[in-house]
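Worksheet for the structure shown next.
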Amino acid sequence: MPLSKDQLRRAYRQMKTIREFEERLHLEIATGDIAGFTHLYCGQEAVAVGVCEHLANDDFIVSTHRGHGHCIAKGCDVVGMMKEIYGRRDGLCKGKGGSMHIADVNVGMLGANGIVGAGAPLAVGAGVAARMDGAGKVSIAFSGDGACNQGTTFEAMNMAVVLKLPVIFVYENNHYSEHTGADYAVGSKDMTKRAAGFGMLARKADGCDFFAVYDLMTEVLQHCRSGAGPASVELDTERFFGHFEGDPQRYRGPGELERLRETRDCLKNFRATAKARKLIDLAELDAIDAQVMQLIESAVTQARAAPVPQAADVFEDVYVTY
Amino acid sequence: MSKLRALTMPKWGIEMVEGTIAEWKVTAGDRIKKGQVIALIETDKIANDLECEFEGTVARVVADAATVYPVGALLAVLAMEPATATEIEDFVRSFRAAAGSAAAESPGTAAATATAAAPPPTTAAIPKNANISPPARLLAEKLGFGVGQLRGSGRRGRITLQDVDQASKPAAAPAAGKPVSVAVTTAALDVFHASAYAKRLALKHAVDLSRLKGTGPRGRISRADVLKSAATPPAAAASSQSFTIEKFTPMRKVIARQLTLSKSTIPHFYLRMRVRVDALMALRERIRKDGGKPPSVNDYLIRAAALALIDVPQVNIQVHGEEIHRYKHADVAVAVATDRGLITPIVRCADTKPVAQIGSEIRDLAERARAGKLKVEEYAGGSFCVTNLGMFGVDEFDAIINPPQGAILAVGALQRRFVEDAGSVTFANTLKLSLSCDHRAIDGAVGARFLSALRDLIEKPLRLIS
Amino acid sequence: MAKMMLREAINKTIHDEMERDKNIVIMGEDIVGGMGTAGGPEAIGGIWGLTGGLYAKFGANRVIDTPISESCIVGAAAGAALAGKRAIAELMFADFVGVCLDQLYNQMAKFRYMFGGKTKCPVTVRITYGAGMNAAAQHSQAVYSMLTSIPGLKVVMPTTPADAKGLLTTAIRGDDPVMFFEHKTLYGISGEVPDGEYLLPFGNARMTREGNHASIVTCGQLVRAAEKAADALAKDGISCDVIDLRTTSPLDEECILDSVENTGHLIVADESPPRCSLASDIAGLVASKAFAALKAPIEMVTAPHTPVPFARELEKAYLPNAAGIEAAVRRSLAYRH
């Protein structure tokens, strides 16, 4: 079923929001205002949005260290996120988590995660919960091509198959496990075939093409929501920045980044498809761009002005009761 | 044979692993005879006298009253002939519980760690390469204390300052004294959200914890809260008490525990039936006329119950958790009231014994029960109990099962009643029986079958005397 | 009150709680047992007999027999809890904490904190632990000290059937991750267990002997050894407090300090090896907060700094015992001033 104009506008807005959020962070981090390690999602927006546009509030996702995109796509508050990344007291996690640990269970976002591969078992648990609730809910484990080599991921895939859980393992293959080529680190060089070996539905698509991702997820989600068991989806995508902010990226080939920005930009691809298929007036997308820029500007302004945590806050929120 | 003998915690029954000395009946120096009661011992099932199996003098009382000891633990030492304090001390120290007894693994009998005396100071110089810390060396040199024999407590045997300090000082007096109790005293205060020491202090200073608001962790009443309250006592409490307080005797404790357990965990149901005892009365009358002394109605009832248990074996049982233990013969317990409380000695294999023998056994058991002379095996076990309050004129009553027995029969007073007999109304001698059954193991119909078998035996008593 | 074994108390508590709260899910290896075999489901019911009867009563959605995947078991329990359920996970042996430590200490322990107090993670991880059954180095360890050191986790160790019920109920109904350590040699001990609702608050130590000369602080299997030692010492007129900590996180500091302030002598008995252990932790606590009360150096009775050996004689030599605790009390009291 083709996407409605509303759906198209919404999807584009989400992708653009992620893009500008990350581009802006790239600039702000360089000023030294933001502490810690930040891993930017720029370039992979079509994956997060292509998956999450299918999800309801009470479907679950488990994210990774590169989690800003998943958070925004699943509906986390952008200003709250920006404040959190700035380490502010009224950030989404009161300044206690930072970039790598943004979560909001109220929108089914069960957390970004600093440990590569740790999310898949959590997603299996969310799948257990989803099945107990019995309303066709699903649980999505986002992982990169790096996490797909962790034992926990294998355990999780096997257990999801054994228990026939509504879990989808979404592998974002951006071709770099930190600073190492995925072709080197994935021994078989084919993570989809490997996932299929676990006995689950395993599919792949171009992760830089929102429409390809969206269409594939339509099919895969139908499979999972019907109770037919887990699935794996490999999405071929690109990382426009380094592993973390400050990564000199000496592993990149000459002109690689420029070429990727030119040919593999999911936002450009979205516009091209929209134009070719006459889906939506591009001027509408330009208007969304302007609104998004304003939103991000406002988020940064608010984050900078927000109060910082107090030393006494360090003791709060360890336990519910102790 | 040694002139000293150990008196140890006895093992009564298969399951006993430990016991509490409820009360010592002797003290050190007492001359005691064989068979004399030396202590009252309480287990989780019974309270009973511990009798001495030898004649001699109590040399030492080792175990404390109100303290739990494993089976086989040394309770006291008995001297057959006079013994010196050293001999007694050596005996106590070297006592080993029998292998396999609960006490065999207890450290209580391990020899105390002797405190080493300070080694004599020597003036030998400490070698340059000795493994000793510089401050320890300085101290040793200052004291002129040779460290050659000293085993260092540090890593790889290094001698520390504390090693030299301790070794150079005279030994502390060995910590030893009269046995003491370490039983927890605050169990009754467990309901309060208070720290362990707060409870102890509350007992000591008679502070009512229910009046206190805790300021400790998680709102708990702390030591400080109690002390503060103890410092400011409430207005004088009412002084004249209109009652006296008496602690449960050990036997009362056992009764309370057993019956609470029974009434709160066993689903009782009750079946009541009035039976005619005219034939039984006639039978007794005939014996009397023949110049004999007839057994009591109760003796016949025990016999009848025993036979009914054989007829309806589903009632002749003990219940243990989710197991039913079935018995070939009927061991019938008989409730006996004593000054110390209720006790239920058992007529073993009552189904095989004539009524007269049952009668004489019951009288012997009852007499010894009142004198507190029953042996454990005389009141442990049994599958059924008969309790009779008819002599007090009680018409009828329901009894509480004495676990693990499966049922109990309550017998009321003899009553003359109008009954319809072959179309006319006549007087009959009757008894009201009430059978309490453990529904976990005995269903209503089974209990009813038992009761009707019992009625048949009582109303047609020929089988009772055959 | 009903007399039952500790294992029965645990099994019954899980049954009762799962009956009471439809939101509870339990998962672990062989907790149903026999899945995919000729024997069929419930052929086992857990190797320690703790989870029998759950599958038949609550079904496969709530009683989840997993593959041998400790990380995923613990992770899935945490994930289910984040997603709004109340999870019980079982680790067949405490030693397997090494396999799934990330999910325990990077994940469930930290969620609430990392996420700014806006989530909770109600997971009870039941862990069978301890030496005494000749299970050797990879099936006998007492890793509670390690987990006690992790902020965000609670660590609980019942030593009686009644405490097992009271503490497990509190663990399951609580909203924080709890490491519930069950000593394998205590499963068979019997005791009275209160009927009906019975919750024991965490952080309340249990005084099992009362005395004035020395304080023996311990937990788990060694509580019984400490009691034996105290009873033996009492015969010589030496009376000791024996403190069963029940929970090592939160720790009942007040109980320990109150006791040491009264006795001046501290003996800590701990089944874990001595370095960075519960024993050293409590010794440090007392040294820093009750230094003025101490009349002798603190005695630590612990396992040695070695793996757990196999042979009976070796394991016996490895494990702290009543005689060792008794000797430590005597040493402390014999300190020369």
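Structural remarks
Just so it is clear, A, B and C label the chains in written order, and each chain counts residues from 1 on its own.
Note that in this section a residue touches a chain if its C-beta (ideal position, glycine included) is under 8 Å from a C-beta of that chain, and two chains touch if they have at least 3 such contacts.
Predicted model only: the values in this text are computed from it and were never measured.
Chain centres here are C-alpha means, and the one lying farthest from chain A is B. With centres taken as mean C-alpha coordinates, the chain found closest to the middle of all protein C-alpha atoms is C.
Remark: chain A and chain C have CA centroids separated by 39 Å (rounded to whole angstrom). For this pair, chain B with chain C, the centres built from the Cα atoms lie 31 Å apart.
The geometric centre of chain A is 68 Å away from that of chain B, both derived from CA atoms.
Contact of a single residue of chain C with at least two other chains is seen at positions 203, 250.
Contact residues of chain C toward chain B in the complex are 1-2, 201, 203-211, 213, 225, 228-243, 250, 252-255, 258-259, 262, 297, 321-323, 325-327, 330-331, 333-337. Taken in their complex, chain A has these residues touching chain C: 60, 62, 84, 91-97, 101, 103-106, 110-111, 113-115, 118, 120-132, 139, 151-152, 155-156, 158-159, 162-163, 316-322.
Of all residues in chain B, those touching chain C in their complex are 62-64, 67-69, 105-110, 112-113, 115, 162, 165-166, 169-172, 174-186, 193, 195-197, 200, 216-218, 220, 222-223, 261, 264-265.
Residues of chain C that touch chain A in their complex: 23, 25, 27, 61-62, 64, 66-67, 69, 71-85, 87, 102-103, 106-107, 111-120, 151-152, 154, 174-176, 203, 250.
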